[in-house]
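Below is one structure, written out as structure tokens; comments come after it.
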Amino acid sequence: TDLEVTHWWTSGGEAAAVAELAKAFDATGNKWIDGAIAGSGGTARPIMVSRITGGDPMAATQFNHGRQAEELVEAGLMRDLTDVATRENWKEIVKPSSLLDSCTIDGKIYCAPVNIHSWQWLWLSNAAFEKAGVAVPKNWDEFVAAAPALEAAGIVPLAVGGQPWQAAGAFDVLMVAIAGKDTFYKVFKDKDAEAAAGPEIAKVFKAADDARRMSKGTNVQDWNQATNLVITGKAGGQIMGDWAQGEFALAGQIAGKDYTCLPGLGVNEIISTGGDAFYFPVLKDEEKSKVQDVLAATLLAPETQVAFNLKKGSLPVRGDVDLAAANDCMKKGLEILAAGNVIEGTDQLLSADSQKQKEDLFSEFFANPSMTPEDAQKRFADIIASAD
Amino acid sequence: MTHSVSIKDLSLSFGAVKVLENLNLDIGEGEFLVLLGSSGCGKSTLLNCIAGLLEPTGGRIFIKGRNVTWEEPKDRGIGMVFQSYALYPQMTVEKNLSFGLQVARMPKAEIDRRVGRAAEILQISPFLKRKPSELSGGQRQRVAIGRALVRDVDVFLFDEPLSNLDAKLRSELRVEIKRLHQSLKNTMIYVTHDQIEALTLADRIAIMKSGVIQQLADPNTIYNAPRNMFVAGFIGSPSMNFLHGEIAEREGRLVFTTDGVDFPLDGYRSGETLAAGRKVVLGVRPEHVRVNEDGETHEATVDIEEPMGADNLLWLKLAGHTLSVRVGGARRFAPGTAVRLSFDMALASLFDAGTEERI
Amino acid sequence: MTHSVSIKDLSLSFGAVKVLENLNLDIGEGEFLVLLGSSGCGKSTLLNCIAGLLEPTGGRIFIKGRNVTWEEPKDRGIGMVFQSYALYPQMTVEKNLSFGLQVARMPKAEIDRRVGRAAEILQISPFLKRKPSELSGGQRQRVAIGRALVRDVDVFLFDEPLSNLDAKLRSELRVEIKRLHQSLKNTMIYVTHDQIEALTLADRIAIMKSGVIQQLADPNTIYNAPRNMFVAGFIGSPSMNFLHGEIAEREGRLVFTTDGVDFPLDGYRSGETLAAGRKVVLGVRPEHVRVNEDGETHEATVDIEEPMGADNLLWLKLAGHTLSVRVGGARRFAPGTAVRLSFDMALASLFDAGTEERI
Amino acid sequence: MKDGPALAAARKAGVEPAGRRPRRMLSGRNIMIYGTLFVAAVYYLLPLYVMIVTSIKGMPEIRLGNIFSPPMEITLEPWAKAWASACTGLNCDGLSRGFWNSVRITVPSTLISILIASINGYALANWKFKGADVFFTILIVGAFIPYQVMLYPIVIVLREMGIYGTLTGLVIVHTIFGMPILTLLFRNYFASLPSELFKAARIDGAGFWQIYFRIMLPMSLPIFVVAMILQVTGIWNDFLFGVVFTRPEYYPMTVQLNNIVNSVQGVKEYNVNMAATLLTGAVPLIVYFVSGRLFVRGIAAGAVKG
Amino acid sequence: MTSQADAGRPSRLLRNLSAKIASIPMMLTAVVIFLGGTLWTVVYSFTNSKLLPRLSYVGLDQYERLWAAPRWVVSIQNLAIYGFFTLVFSLVMGFVLAALMDQKIRFENTFRTIFLYPFALSFIVTGLVWQWILNPEFGIQSVVRSLGFTGFTFDPLYDSDIVIYGILIAGLWQGTGLVMCLLLAGLRGIDEDIWKAARVDGIPVWRTYLFIVIPMMRPVFITTLVIIASGIVRVYDLVVAQTSGGPGIASEVPAKYVYDYMFQAQNLGQGFAASTMMLVTVAIIIVPWAYLEFGGRRRG
């Protein structure tokens, strides 16, 4: 049976990873019809949502797990996967369990998480630092200190792409690293506007101000173009999720040798456990509905998980798989994960609406040097105050 | 009595503008009726109502005794010819002629017969395969007439069919339409604002002004005994000369006097008795002014001379009035010449200065 | 001898189409010259050359003795009036009149004076504040004339100024233009294809055909002694009757004979001696046909009668020919009536059948 | 421009008063006119030039040289890749699939939208009924509504009709959004035709449809060309509706183009992007190059009046 | 009206039946889609609908939030700047080009095709190309720098202050051709005698254009204005393709705000409020136009 699967994984590393999913699914005797929509989740999600609400749903679709599909589930448009989950024992195998929690509404499971993505990484180009004549930094502060040398060598210290979510994401990363887990939760989970306006966050904004200065001259839109600047040594580093690894891999670069990764910016080694999940809209076609279960099961199968995540550069959602082939950075991530130093991702904590407002704020902040950190913090606090 | 077309109490408004109001008109079988009036007086509107192209606001229209007020144009037994020809540009002449018949699903043979006949009558057989754009104006208008002809209708409606043609063609085609009427003997209703066409073609002329028929009569009556000053001034080119004055008695004779000049009214046939002192307007047509002939004459000077070939038009100054006078083409008068003139009172008209009606 | 406008060897082509070729024309000071010809014969082209709106391909144009062939229109001392009025629609009448003067930086007082004078002459003073769209056609054309008037030009050029007006207005404005000429005494060149305008207005008429002047003469000559059949047929409405036949001698008298009918040529003033046997065309104007009068007469039947008020137009059948005849409006003939006719040979024209030139 | 010999001689002898000589091709006026047009033409052609040149360069050359330099080595590789093998997600068949989808979308959408709009225009111009103008006014105001505003309601309507995601649905959407401007165009055009033609046809007994098909249609070529050009380019270039109202197997070329251009794999492959861009724009461009003259004439005939 | 006259009178509803039937698609579109859709949008702008429309009214909350959002304010400012300059430049450039084309020039067809072809390209394509030409690293800036002017800076798309003008350049490139076409058609419609009369009057060409021809072309200008204006309000694809609203939010436009908040932020209520505000903008444009077009004509 043919199942149409929509997603926005179109960059090189991502596409290679999707191919693994498709291969695994095709191996069950069915057919994966690829419905890739380029241009990041921002472009793709509206299309997916209108197709689902418009009564022409695909068989499965990617969302960031978290709150993006909440209302669709509430409106009864999504298939209940509890049966498959029970059969496949997802409750046991999915680690950390918060992943499955994000898929659970009223005790029923509605999505199949496929990977763990962590945002908290600083990727550094060894070649760039060599050229600038400074040592590769070990943490954020060293990186900031090295910035002038990089600039002198004609290298953009920090690559930040123009897409709004990159700026917002970078800020979240800075927040975890600098203000710590508790403050992070206070702000994003408890929506504590006072905390958001407090001195801890002010420090984060100071750091963001540094990042803004260092990112001047990036002049690219897409995240992977920014990553490419790091790969080619045109930029010193980039704050980006672990998916950036896929790009390094595709470019044939080796962790530790060609590039360096600093989880938690080398300050505070905590990683978030957001990620991608597949949702399965309710279909009229009986047969397809059955096959949806097959797909769900396949996505979490150990072999699929390994193959997919190796290509994607993300971490598997189950703790019981062997990732011997993983590279240095991935291993670092796995260690942190094993140590339990995890937090939930902002997609899980905030509504899309608040996320969007946050994106607007930070994309403006990063592009507009005349906006003071204090002003930005005030607006940030306002957003948190009205967040849901 | 059956009329070919009979219009009862017809009213029509465009929004708030009343174009026709309670108009009544009966047209006899085989009559050639000309609707004459200046631009915007509602002639086309009336014609469109008869054709069924406009829906009257009130009143009824009968054709051959049948109430057709709400019928479709095609069912009324009428054919219409427009000023702009309104030929279908993408069709050949033949196709133009046969279109209506095809729409009515007439058998092919019958269509051919009728088209052939019409083409022959109108002498357009050589052009049957041409497109309208390849015809001259006169030929186009003939085709347009043919389109009405093939449909074998009872009533022909013409809306200024000759206005777009140049003078020469206009007079040629005018004759042909007259001939057509003489041979077909259909009822024809013909709208124009050209009085020559009206006078030459009509059995009866209806002169309209702002939607009201001013006079309905045969051309001769219209020309020589206009009911009111509007009709009198409208018909005739150059216009009738109007002299404002009053009736007076001079030595037992009634005279018309204006600015100290007296014109005896001998020979004027009035419908009423004329009383001295009545304010009147004397209307004299340019050809009824006698110049340098016998009779009681008055002195005038030639202001302008307009030689027109067959005729010669003079503009004379007489006691502060300007009079147009038509004389033979051979009689020339230089501007400034003094002449003597008198009026042919038998052919003049007197109007009441208040009502402007003919006395 | 100084001419007001003098055209030497003027040629003009649009691409490959030669519209004018080596045209020569001299127009006297204060003369009213009418260019008459059918559509497309190059009248407007010639006028545009004189105005400087078209650049001639060859030849020269002199105005008041000055070679203006390559000068800008505004420097030629000409004013022009167009058929479409060509008023500036968004400006008031006053602005229309004064705009050209303002552009030329004339002092305000002088502008006002001139506009005032023109408005008075043309009787448009009450409309000075109106827009052209609020004027009638006749009023618009007056404004257009005024625009030329204020510029105090030597030569007025008119390109069919009256064609867009209805018959009544046309004849009124015609008189006014004539009066204007009589009072201003400017040189005026007037293009028209209406022969009545030509006959009534012109000091001299130039009849054109495909870019060539056929005859240049005063209206009387043109009307009564047309140089060739084209001119003869072009002027006069209805057209001159043409009878094809030959000259014969009957009992020592020269006669014109056609289809067995003989018309004695007594009284015809020919430029050459007439020889029997020569193939000729006899041209007789409708008003020079005598009906039921004395003299040698021939039998004919009335085909159609067109009463036109002052006149009555008859279409007679005579030995296979159709003749148009103009009689007085009071003389009526029913179709089918037999009548007797003869020609007024003193006013007829004979043309050579080959060259079509007048004999 | 040749002077007669007499005139030339006279000039030489200095007899003639000096007049301005006739204009030559290289007059100041012509230099200004053609100069301005030329400069403008450069502005308009520059992007096309860049697109073409870039699309036939290799990636190394693009990285090194500037965008305006002509290619040192011409390669058709990017075109081939753009057409047949550029990837979006797992599908690596370039634009080729999208091309046929676009054809399948554009042809019926263009035909149906023009048919409906021309009938509307005809009805509005010649068969005015009470209230017709109200609908027309709503329609015209609708021309200004941003598409995004209508997106959601239309999703709902199509869902209720059960044709969401089908080609039919998309055709209807294109018809709807083409309707205001096309109806205006046709109404103005038909209104500019002499009403006597319509009257004559009615007297000849032709009805609503007969007059439309046999009288009006054959007379309306210029305006149909304008409508056709507007619709072909509009529908062919549409991205939003193509992506929102269809499913991936029907995605038009523009969606594919967007995917190719936005699926960055390492460095942006500008040459492939430009080739893809040109390929996508080819159909409307050809339509314009072929029928541009009719377009202007049609605009003059219908759009500007009324 | 006598009763007798009414006897044969067919029902009003049945008259013109074919025309009414034929107009059904139009009526449905007008009422259901344009009117219904608009009303629906306005109604839901007063709710706090998120991903799916829900009728839970929150009064003017969405509007308050909208006008408090810096991004919306920037969007409106951008629209105003972009709109103003697009109108001015496309009319001026379009008219100048049309006037030049009207000079009986040679190669008219070639020039016209050159000016018009960008109109055949989508905004996506236009945006891409211009994004590339304006890219400081290999576009105009780098070319000029490589010619030796190393200080030359021209990077409108990466400078928040002038980014909207970068978009304007592309927008004008795409749209001016059509304006030229419309105005050319208008110019051709001017009676040639007017030109002649003006020449005879000695009015210089530029004055003839300014004081006579342009005022005469008012209807054409209005049509053109409406076409341009409707395009301006909708501008979306161009921005997305060129800058995605960046840098930061410097080139955001209202249509993009609507789209982003409706679909990305999954806050339909906010999106509907923004689109309602756009409708108000449209009304501000269209009402004076309708007045000029219809009100004015009726009086005249």
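Should a chain be cited, it is by its letter among A, B, C, D and E, assigned in written order, with residues numbered from 1 in that chain.
Methods note: contacts are C-beta pairs under 8 Å (C-beta built on N, C-alpha and C of every residue); 3 or more make two chains touch, one makes a residue touch a chain.
Here's who's who by UniProt: B, C = ABC transporter ATP-binding protein; D, E = Carbohydrate ABC transporter permease.
Quantities reported herein were computed from a predicted structural model and do not represent experimental measurements.
Student: Moving only to chains each one touches, count the minimum steps from chain A until you reach chain B.
Tutor: Contact-graph shortest path, chain A to chain B, evaluates to 2.
Student: Taking CA centroids for every chain, report which one is farthest away from chain B.
Tutor: Result for the farthest chain: A.
Student: Of every pair of chains, which is linked by the largest number of C-beta contacts?
Tutor: Among the chain pairs, D-E has the highest number of C-beta contacts.
Student: Let me have the rounded angstrom distance from the C-alpha centre of chain B over to the C-alpha centre of chain D, please.
Tutor: Comparing mean C-alpha positions, chain D is 53 Å from chain B.
Student: Using CA atom averages as chain centres, what separation in Å is found between chain C and chain E?
Tutor: Chain centroid spacing, chain C to chain E, equals 55 Å.
Student: Report the inter-centroid distance (CA atoms only) between chain A and chain E in whole Å.
Tutor: Those two chain centres are 38 Å apart.
Student: Any chance you could list the residues of chain D touching two or more other chains?
Tutor: 151-152, 156, 258, 261, in rising order.
Student: Pull out every residue in chain A that's touching 2 or more other chains.
Tutor: Residues 46, 50, 53 of chain A each touch two or more of the other chains.
Student: Would you mind listing the residues of chain C that make contact with two or more other chains?
Tutor: none
Student: Quick one: which bits of chain D touch chain E in the complex? Just the residue numbers, please.
Tutor: Those in contact with chain E are residues 33-34, 36-37, 40-41, 43-48, 50-51, 54, 62, 66-68, 116, 119-120, 122-124, 127, 129-130, 132, 135-139, 141-154, 156-157, 175-176, 179, 183, 207-209, 233, 236-240, 254, 257-258, 261, 270, 273-274, 277, 280-281, 284-285, 287-289, 292-293, 295-296, 299-300, 303-305.
Student: Please output the residues of chain B touching chain C within their complex, sorted ascending.
Tutor: Its residues touching chain C are 38-39, 166-168, 171, 174-175, 178-179, 182, 193-196, 199-201, 219-220, 223, 235-239, 285-287, 304, 306-310, 313, 315, 326, 329, 332, 335.
Student: Would you mind writing out the residues of chain E in touch with chain C in their complex?
Tutor: 191, 193-194, 196-204, 207, 211-212, 215-216, 218, 300
Student: Quick check on the complex: what are the chain C residues that touch chain E?
Tutor: 48, 51-53, 72-75, 78-80, 82-91, 99-100, 103-104, 133, 144, 147-148, 151
Student: What does chain D use to touch chain B in their complex?
Tutor: 194, 196-197, 199-206, 210, 214-215, 218-219
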